[in-house]
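Okay, got some structures for you below.
Next come two complexes, and both contain chain A; in the first it sits with chain B, in the second with chain C.
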Partner chain A sequence: MSDITADVAMTELADGLSEATEVVKGAFEIDRSKAVRFGGLLALALVFISLVGMPVGMDGRQILYWINPDVYVNHPDGQGLSLGYVALFLWPLLLGWAVGSEVVLEGMAATKRGAHDLVTGLVVGVIGGLGVSVLTMLLAWDREINPENGVPAYGMRDPLVNWNEDLYILLTFNRGWTFALWAWPLLAGLLAMFGAGLRLMSDPIRKAIVAALLAIVAVSIFQFLVDDLLGGLGETIADPGRLSNFFGDDPDAGRPNVDSVFDGLLDFVYAKTGGLRLQGVIFVGVVAAGLSLLGSYVTRGRVKAARQAYLDRPVAERTTSSAIGMVVIALALIILPFFTGKIVNELLANVGIFLLLALGLNIVVGLAGILDLGYVAFFAVGGYTTAVLTSAGRGESWPSWVPLFVTDDGEAVVGGWIIALVLVMIFAALTGLLIGAPVIRMRGDYLAIVTLGFGEIIRLLFLSDWLKGYFGGAQGITNIEGADFGFLGTVTGVNPRSVFYLVLFFSAIAIYVSWRLERSRLGRAWMAIREDESVAEAMGINTVNMKLMAFVVGAVLASFSGAIFSAKVGSIFPTSFLILVSIIILVVVIVGGMGNIMGVIAGSLVLIGVLGGPKQPGLLQEFSEYKLLIYGALLIWMMLKRPEGLVPNARRSRELHQEEFLQDAWLKGEVDTGDDEGEEGDAVATEVAPA
Partner chain B sequence: MTAAVRVKGAPRTGVDWFLLLLRVLLIGLIVIGLLAFIAQQIDPGNAFAKWTHDGEEASRLTWPQFRGLIVTGLSQGAMYGLIALGYSMVYGVLGFINFAHGEVFMVGAFTGFIMSTKFDEAGWWDGWIFIPVILFTILVCTLVATATAVIMERVAYRPLRGSPRLIPLITSIGVSFFIQNAVILLFGPGAKGYPPNPEWLEETIPGLGIEVKKLLVIIVAAISMAGLWYFVERTKTGKAMRAVAEDKEIASLMGIDVNRTIVTTFAVGGAMAGIAGILWGILFKSVIATTGFLPGIKAFTAAVVGGVGNLGGAMAGGVSLGGAEALAPLMLLEPLGVEGPSQLRDAVVFTLLILVLLVKPTGLFGERLSAEDRA
Partner chain C sequence: MSERLLDIKKLSVTFGGLHALRDLDFHVDEGEIVGVIGPNGAGKTTFFNMISGMVTPTSGDILFEGESLIGLDPNQVTQRGIARTFQNVRLFANMTILENVMVSQHCRTKQGVWGALFNTPGFRREEREIREHAEKVLGFFGSRLVGYRLEQPASVLSYANRRRLEIARAMATKPRLILLDEPVAGMNPKESAELTDLIGKLRSEWGFTIVMIEHDMNVVRDVSDRVVCLDHGETLAQGSFEEVSTNPEVIEAYLGRPLEKQS
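Here is the complex of A and B:
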């Protein structure tokens, strides 16, 4: 009896052992070349980021207010994990996650997840960490302490500006390079393993962890915004009488100072010197994870079902409900500036200016498929025309019949800006025609370069001494009056809230126009041209006129933005209209989602709002130095991985993934491609692609 | 369709009339400017000159000034030509404009800066040792630029093979933006000065009135061009490149490794840009992260002027563009009474690009494109 049990136990043990050895064996059966490739990539990325100066530059921003006083560079008294370290730690996590990704084709079994994923992650991280170790070693080797004053000097500092003591201290955790030698591979390895481990978890848990991490970082780096919003809201709740001051310039005027009701919460979460306290981290993490788990278990599938139910409703009903939604959003936006501080309002005004530009470019690039790299020219024309019409400081060469909407005492004429705007529109439309006509029949890529040339020509003309009497050359035009709307108030840069409203008004117009155009005959013609110009022409579309229309509409929208810009800034210089602006707007449109209005709005909010415009600071001041690099990287990455953008236009993304759709359809047996007539298959794909 | 040319037999629309007007206007301006220039060379006080110069006499251009302009134009044009080769070859093979090619040139110039300052610290950037040192520097710049171009192709363009035409173009804008800003962050935003050239390089050759360095630039460019011509026309790899440019599919059926050939194309184009980069450094003695942008666009213009895909055309286009850029401000704009004409040099180049595309879109020497790109 007991023998049998022992036997069974033995067999079970043996089975268990062999299973365990299987697992251990399996754990080391990793795709070595892939691991090494990703590891090398990680090493390169970490070294590049270090040399570019990101970790040191962002070391000033604390994420965690924490423990160790002797580690941090810019905060000798500071304590904790800085954004600089996060900029490095992020990559092992991401690449550890990415190394486990695989293309899953229909009909193929996905590889089994298991311990080998963790090992792969570890290998990737260790190799990446070794890259940093080598960098630290090189730094240490190049480091020479000046015997006279004890200041360390670096030989390679000459070409490489970030090759310095700050980087050395940061990378060695201020513990000497021998520490960094083993600490980095270990740290990166563990982080990458964690990243890879995320794939082994069940969906809800993974989501909860990611949500917690993101929330901690977001709450920490947006501390200023959270302070601003909760502070303002809390004060209003504590003293509702402040609402009566809402239409004044300063909500605080004449009210006693009150403490925001959220002060306690803010003090609990944030440290005095910036960054989250440990309790704040736990609080934010738990709340985010909890919400995510709640979301996963309670609403599982319901959101999708609700969306489907909504989409299944008749069009008329949907229009009503979306109209109601729009009104709600509009009201929310109108009230929003009262709760936010001056800086956030300024930020929103900037976002709006670029949103207008992006909406215009979206029509040109997104709908009509014309890659206009000189789009900034229309912005410049709008700005300069407004300046010429509303500034007493315009050049002296203007004949007197060119109107000037400034009174003799140098005040803006009431409504003058509106009349100016009409002229601006006309000029912008003419410029659109002038620039559009010569390029309209060119091949797409030639058109891009030639429009870029036009953009430069226009800027150079504004800059030149030749036209200095008109546009002021490099000195530009100053003393531009704000837009005076009589009893509605004056819009100037001093009052960002007023700029915000002006921008909001025009953005609403632009959004409405884009939305209507997209569904109009003209919009469909544009999309047809974008898809295939010859076919569109064969279908009877006058491609030349339609493309010119796109140019004109885009130009007018950009000129609105230019007019607001000049009223806001109060002075205008050729340096505000570099090619850079065109490219940043292009990035906004592409990252958001070409041809999709929601995408463009999201793109401007995220990119211009958070990272900042070409000269305008964004929410993340720490990133301002690196934002252009990030823009470039984003553009490449989006084109490679997701050319349809973050919020894709359904039709556009179908076009971009035509082949994949065809493949899917073929696998499902929906299309008969006629065996080997591949070309015909292409044509069929558009028809069968799911709507 | 390549450009703004009306299909034969189609009715003229408003746009066509406008384009005709534009052509007439631009060519008319050039003719009037040239005539005014000749007139003011003969008589600086002629009526037209007085009218355009607000009643004052125009100034004559002396022969040494003129010669100086031509030499400057030639040496700059030679560099544009070298960069244009890369654009032209890549366009010929892949059918897209590698917007980031200007950055390859900039990387070459930056490598030259780093090496030359290091050599200067060692005292090797002078005297006769300069010659082997500069040859070595050119070699390294070429290698670094080549590597940049090849990595670019591998990372950003290869995955996009076969996607719509504008997608790789937008990607290349991103690449250009990325490289530019990476260089700013790595090496600092300011202009970087090359060490002073050895004295003998700055001297003027007595009989010719040409500075030695400009002559050197022209000679190095000519040698590289000859080398490239030999490579493309006389070697097997060059033949493969031409075949791939003609038709990728047939070429691959003939046993040519298309991917490898494309990489070679990028590498060769990068090498030429690298050489142009170090030459630029020696000529202008300063480099900044945005150095690559304008020369890049101008080189593309040169490629278009010469006819895309046509190597000899690219070089000739570069030289004529350099010449136009140097001469036009003083020979066209100044006689027309434009103040500060040199400020508009870049505008001249862009106008030339537009004019060529309007009048002769296939370039002066004709395009050589594959069947699918001509469509």
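Here is the complex of A and C:
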């Protein structure tokens, strides 16, 4: 008996062993070339980011700060995690995740996930980490300590600006290069393995983990915004009387100083010097993961069903509910600035100015398909025209009949800005016609290049000595008065809330204009021109006039933005209207989703609000130095992975994904496969069916 | 004889050294259906491009309703009342079927920015009329292009339906003369027979005059009042289908010359 049991046990053991060896063997059956390729990519990315100076530049910003949260230390000796380190640690995670991706085509079996994924991730991470180790070694080799004062010097500092002690300390974790030598491969390997491991988890778990990680980083990065919003809201809850100062500059003026009711929560989560406390990390992570799990298991199906039910309802009913939705959003936007501080309001005002520009460009590029790279010209015309009409500091050469809406004691004339705006509109439309007339006959690339040229010409005219008597040359025009609306208040840069309201009003106009025009005879003609210009012309559309009209509508919207800009900033210079502005607005439109109003709004919020405009800081002020790098990287990534933008226009994404769209339509039986299967086929089928 | 709707006199065009058309005389009377045939490269499509204003002739004149079309832009020609289809179907693929037909009424409508912005009664009326006309035109092809199809992008249509939509788009411009460039190319015999009927109806029900380039001789025979054969940019023969199709020069142009005559 016992022999038999032993035998069975032995065979079981043997089976178990062979299974185990299979698993172990399988674990090492990895796609070596892919792992090495991704590892090399990771190493390159890490070294590049380090040398660009991003980690050191962002080191001052704490993400996690859990050991000694109330003491600020520039280089954390294991006290927490700075944004600089996050900028490095992010990549092993991402590439570890990316290396497991595969394109599964129809009828192809997906590779089985398993231990080999983890090993691949580990390999990628270790190779990438070795790249940093080598970099650290080179730094150490080049590091010479001056015997006299003990200050380290670097020979390679000359070509490489960021080749310095700060980078050395950061990369070695201030523990000497031998530590970095093994720490980086280990750390990057583990991170990449974790990234790869995400693919092995079930969907809800993975989503929960990702949500927790993102929430922790976001809550920490946007500490300032959260502070500001919850602070303002909390103060209002504690002292509702604040709302009575609605039209004033400062909601707290003449009110007793109250503490926000959320102060306790904020102190619990955040360290005083910035960054999350350990308890904050746990709190935020658990809340985010919990919400995500809740979403996966409880609400998801219902949300989907509700959405479908909404979409199934007749269009007329949907219009009513969308109208209600719009009113709610509008009210929320009107109340919002009241809870936010000056800096967030300033930020929102900047977002609005660029949103207005982007909406205008969206009509030109997104609807009519005219790639205008000199769009900033109209922004400049709007800004300068307003400045000339509302600044006592305008050039000396203006004849006296050119109106100046400033009183003798240097105050803005009530309503002057509005009259100026009408003139601005006329002027911008004329400029649009003037530039458009020669340009618009061209197509495609030629048009883009010529508009680029005109954009620069306008700026150079404002800069020129020739017109210095009018526009002040490089000194620009200063002392621009704000927009005085009488009892409604005055809009100036000192009071960003008022700028926000002004910009909100004009954005609403721009959104309405885009929305109406898109669904009209003009919108259809623009779309036809975008699709095929020669056919559009053969179908009776006067393409030159239509394109010119798009150009002029875009110009007028941009000039509104310029008028608000000059009232807000109070002084304008030719350097405010660099070609970069055109490019950034275009990127906003492309990243947001060309041809889609919601997309353009999303694009402005993400790019201008978070990253910042050409000269305006965004929420992530640490990124401002690398703004253009991030813009560029984002643009490339979007073009490769999601060319239709963040919030795509249905039509446009159809255009870009024609194959997939047709495939879907075919599966749904919506593709027309010819007539014989259609009408006659059906007729035959009904005849045959009873038999 | 009724009034000459289209009268083309001594029309020539050269691309570099190539005479695409040479001293071509051609006319269409009100209410006629004229078939244009000829081997590949005979200049048929160039001929259409010239009437519709996409190519400017080197010399000669095109009179439509007694007025010259020379120097007009394609959109002005369409405005005058000449619509066309394209040999290689060129729809606005990402616009819906309804939009394709609505947009081609552009030159017959006039609402501008203000109407659209303030949703004026005039704007609403015009939009309604455009839509009604579009649906009427699409209804000409039976149930194929209407119903749920109206809101679908043109790209989902089958080849034959794309050709039909192109014709619908041309009809929607409210023309007097329609130029059809190989309307049945790529259709099966049943479909082309059906379209032949429809071309007849375009004249009888809608009152359009039609010039049609076609390679399918059955279609040309069934529907044309008169046939013109082009070769090397010149008129080889014209007359009834029987006359042209039995003309030895036409047969030669299509099939080459018999062996004994080649010496």
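The criterion applied here is as follows: the second predicted complex is superposed on the first by the 633 of 691 C-alpha atoms of A that agree within 3 Å, B and C clash if a C-alpha of one lies under 4 Å from a C-alpha of the other, contacts with A are read in each partner's own complex, and residues count from 1 in each chain.
Here, a contact is a pair of C-beta atoms (placed from the backbone, for glycine too) under 8 Å apart; a residue touches a chain by one contact, two chains touch by 3 or more.
A quick note: this is a predicted structure, and the numbers were derived from the prediction, not measured.
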Just to be sure I read the superposition right, which of the two partners does A:Val422 touch: chain B = first, chain C = second, or both, or neither?
neither
Name the contact category of A:Ala528: first (chain B only), second (chain C only), both, or neither.
second
Touching partner for A:Val298 - first (chain B), second (chain C), both, neither:
neither
So, does A:Ile440 touch the first partner chain B, the second partner chain C, both, or neither?
first
In the overlay, answer first, second, both or neither for which of chain B and chain C A:Leu311 touches.
neither
Scan A:Ser464 for contacts with chain B and chain C and give back first, second, both or neither.
first
Under the stated touch criterion, which partner chain does A:Val151 make contact with: chain B (first), chain C (second), both, or neither?
neither
Can you name the residues of chain C that touch chain A in the complex?
52-54, 73-75, 78-79, 83-84, 86, 90, 92-95, 99, 102-104, 106-109, 111-113, 115-117, 119, 123, 126-127, 130, 142-144, 149, 152-153, 155-161, 169, 173, 188, 190-191
Sort out for me which residues of chain A touch chain B in the complex.
48, 51-53, 158-162, 369, 371, 373, 437-446, 448-450, 452-454, 456-457, 460-461, 463-466, 468, 544, 548, 579, 583, 586-587, 590, 625-626, 628-629, 631-636, 639-640, 643, 656
Listed in rising order, chain B residues that touch chain A in their complex are 1-5, 13, 15, 18-19, 22, 96-97, 113-114, 117, 156, 159-160, 163-171, 173-182, 184-188, 293, 297, 300-301, 304, 338-341, 343-344, 346-347, 349-351, 353-354, 357-358, 361
Seen from chain A, its contact residues with chain C in the complex are 512-513, 516-517, 519-525, 527-528, 531-532, 534-543, 549, 553, 651-652, 654-655, 658, 661-662, 665, 670-676, 678-679
